[in-house]
């Protein structure tokens, strides 16, 4: 039964998690401060009360948390584990890359790990270098893991459901700057979509812009302010990545700009560019990437601004590539 | 005083480490089984005996080992730490990405972390999925870390020295299939080069092949067997990456093939392709990448062969791109 | 025969099966039929045998790379193990796992792990699942002395203790981590003290005696069944082969290996009347299994891309 | 005055300096001059003050994100700390570290760390360096109760114990990890037992009493100087502000915060004759420092790319 509700991004995730806990009895939800406190960003508020012991707090032990998710998933549970900041994955990256990712393949399909890792990433004013990274590219090089990055409340709702319902490990990367934003009309209770797909955020003819994550607001602002006629493809799912949609658009526009908040070198933007040019599609100008400089992220806001991509950088790239 | 010696790849690293310990009193060498046993591959044989307590064994505690390297380096030591398999970095990735990489930048240059991480990677017949990965791309997305990948004995010697002498964290990725190979004439004792640069392994006109790691032997075999006239650029240093050399070659050949053993999606090959096409250099055909399929690596040799790039795959790509 | 004697003979037979399986694997490896990294558990058989005979159907075992014997003791047919190491279609994972990373969930063997310590948190997850799935499962994870220094093992033990989860942590203390003595890598050689400190009941015992191991695992299961959570067992044992094939064991003090060979679980039982008979039966079984495994077709390489995702 | 009294007044003054520094930071944060994540250590000042007064020049402190007071107690001028949080050129790192990740090695403050537990292995490295550099350095690392459950901390303690390295592990047990009580996350509330189990001498003490902390740290330094390696100190204390700014502390049982406020280190010393005077001096100092910090120029954004590599 589909209905709509006015929800923030965080509220949409909360609603999706509630639905998962409600309709999939094999779900578990755990992480640091997620249960009794309801999450440091309030995203899991009320879920412990509503769903009892299936929602619980853990020690500050990311390796044990992720390992426990792998093991519980192997046994048929559907754990949803929160890693409070994407940066913290790195203390336990083995459990994602060497463990979760291998379960299905190495067992020849006899085992699986239907687990969801919720985390959030990115820079916000004043965050330190250890709380500012955009790490999706690390995950996107790992076969066996799915990755999504919702930005709109509706996507946050839908993708959370699709991720939890999927039978492989999925990392859903949220963004804390969005949690408490404006409320939006969110369709809830509809059918659960399979994973994958993209969102077309702007339609245009002169350039294809591929982007993901919270920086899409800069991209939209840049498109709107420059008046460039752009197809803006939001890759809400990065694995599986909708290469076909990008190619179809570039075939039409003949130009490609990729924008991400992560630093450029080795970012997933390179993969998008490589796939497009390998396809042999003919381009009217050289493809471009906009991302953070290859730097650590300073805490100082004015310094971070100099490192991270800004609306003006995106606008300049749009003008240049179409000019 | 430069002289030459006949050394295996492993022997060349051993000689370089001995020279570091000898000439740089602030060096330390540690890791699992590196001291008394001389390393599970014998690479550090004899060093404990020759250099005493500065060479020592550690518990199976990669986080503590890498953290200890960071801390000792901050204090002016020059630790060389061995991570036995690149796959094992992942239990302690935080100490590389969130700790070592940040030391200089976040302290505004007041601190530094002149440490070297030696590890080895890649598939060898029968290795399991957790001992087969090629993980350079993960490191190459991390600003603040340098990365090299020597294949020839001379490079192994030179790069080890350059890495240890460098004042930033450097990861030297070796390959265990090379350690006990044929001996080669190695120039030892010469001046220590700064980090960076590439090696031109074949010179030719019709295609630029950029590659790194042990797979270069497949690349060379493919070039030789197809008779394609190829510039083969070995990126022994991946960070800093010698973009200029690649561009100069592609400007001449008009074609680009990148070959790596790591799986394609999100591999560093994408970055190389992106840099080349972003430069606007005009290409005679679409660039191509050859790498492992996006898969986990099966233990079964015949399955691994189906997943990993083979000489025949490289040869086919060479013929196709130049044909 | 008395029941105790029956049990001893049953254990003996199981230990012989493991020993001969391992010896067979060694031969296959030396002959080049098996390639790559292989870790044998010769000398350590009593831990697997003592523990697995107490486990019930729903229980789940998580071992390390040194896991062939654990799989066998758990009931995985030797042919399927050998076929796995030989990369045959009939292997438990069609050769994708290989010696160091195979699993056979249909026998309660949830797999080896080649990352030191990484199986412990995963076992905790299997125990967590048991809290909700009504299976009554107890998860048993086995790792070495050296693995105690991998942070994730402490995290796993603490999580199991904090949540009262039904986990049996078995530490096979064989004195060495690869080529390095554990006692050079810790200050306090009593590894069980770490479990104690986390509030986990812990016992140290002779891991070359299957009866002692079985008793402790039995108690651990009861503890878990009563909702009282995890138990830690430090089982002293010795491997009488190298860490890997080709390990010359030069790190062993003079005489140690000889002493270990006298004290290994099979040597201890040489006096038993059924000793030779148990060996014969095991040899026959493993030989037949080897023949069948070798005769099975290699897994088709065209399947290599399957099973990455659902 | 007797020396003891002198010491008490000196400690009191130091604690006031920290308290007022933190209060000032809170005001700056609420006013929007400081932005982002800020973790105050109100109520926990006695640990930093007791410990740092025992440290010698070459010693190295590694704290967490809750480190302003540790830096101050180590001798970093308040102006440089405030300027750091205000992203000024005159900040200890020109604003690159910010509240949660700054360092000032010239004062023996090797920095905060915002990854729970990550500072412990790094401190072990600083102690390792001391074995070879003739500095006589002791490395002190401080972390919270919750950090004890991060595997790297156990690894670090074991490595220090195995190598007899001069490290002081200080665990500030303030009962909470963010919003979650530590006693819900462990079975054995005695965290020092974990150090004991690793063979590390461990002590539990009243962390609101600088004298107790100082005595323990002094002993730890002597232990380290004699080549006997690490010491673990579990210092009980309470933070009387939220974990982060904006934390409403709804997770606190009724009456707890009030009790904590009565028992916090400054409240305990209210009877001392020099109490008000110490506060006045501290206020004047921090106010002047704040003024200077606010007047300093913001770090030039054009420098943002510098210092990534040598």
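Per-chain residue numbering starts at 1, and chain names A, B, C and D are given in the order in which the chains are listed.
Keep this in mind: a residue touches a chain if its C-beta (ideal position, glycine included) is under 8 Å from a C-beta of that chain, and two chains touch if they have at least 3 such contacts.
In this text, all values refer to a predicted model and were calculated from it rather than measured experimentally.
Put simply, the chain farthest from chain C by mean CA position is D.
Distance between chain centres (mean CA atoms), chain A to chain D: 35 Å. Rounded to whole angstrom units, the spacing between the C-alpha centres of chain A and chain B is 30. One inter-chain figure worth recording: chain B and chain D are separated by 39 Å, centre to centre, where each centre is the mean of the chain's CA atoms.
Each chain gets one centre point, the mean of its Cα atoms, and the points for chain C and chain D are 45 Å apart. Residues of chain D in contact with two or more other chains: 94, 96-97, 101, 113, 115, 118, 149-152, 155, 158, 162, 184-186, 308. In chain A, the residues touching two or more other chains are 58-59, 61, 63-64, 87-88, 91-92, 94, 98, 102, 105-106, 128-130, 143-144, 294-296, 298. Interchain contacts join each chain to each other chain, per the touch definition above. Chain A contributes residues 26, 28, 53-54, 56, 58-59, 61, 63-77, 79, 92, 94-95, 98-99, 102, 104-112, 143-144, 146, 166-168 to its touches with chain C in the complex. Partner chain A is touched in their complex by these residues of chain B: 63, 87-88, 90-94, 97-98, 101-102, 105-106, 128-130, 133, 137-138, 140-144, 239, 262-263, 265-271, 273-274, 277-280, 286-289, 294-296, 298. On the chain C side of its complex with chain A, the touching residues are 60, 62, 92-94, 96-97, 101-106, 110-111, 113, 115, 118, 120-133, 135, 137, 139, 151-152, 155-156, 158-159, 162-163, 306-310. Across the interface of their complex, chain D is touched by residues 149-155, 158, 161-162, 184-188, 190, 193-194, 196-200, 229 of chain C. Taken in their complex, chain A has these residues touching chain D: 32-33, 36-37, 40, 57-64, 87-88, 91, 124-131, 293-296, 298-307.
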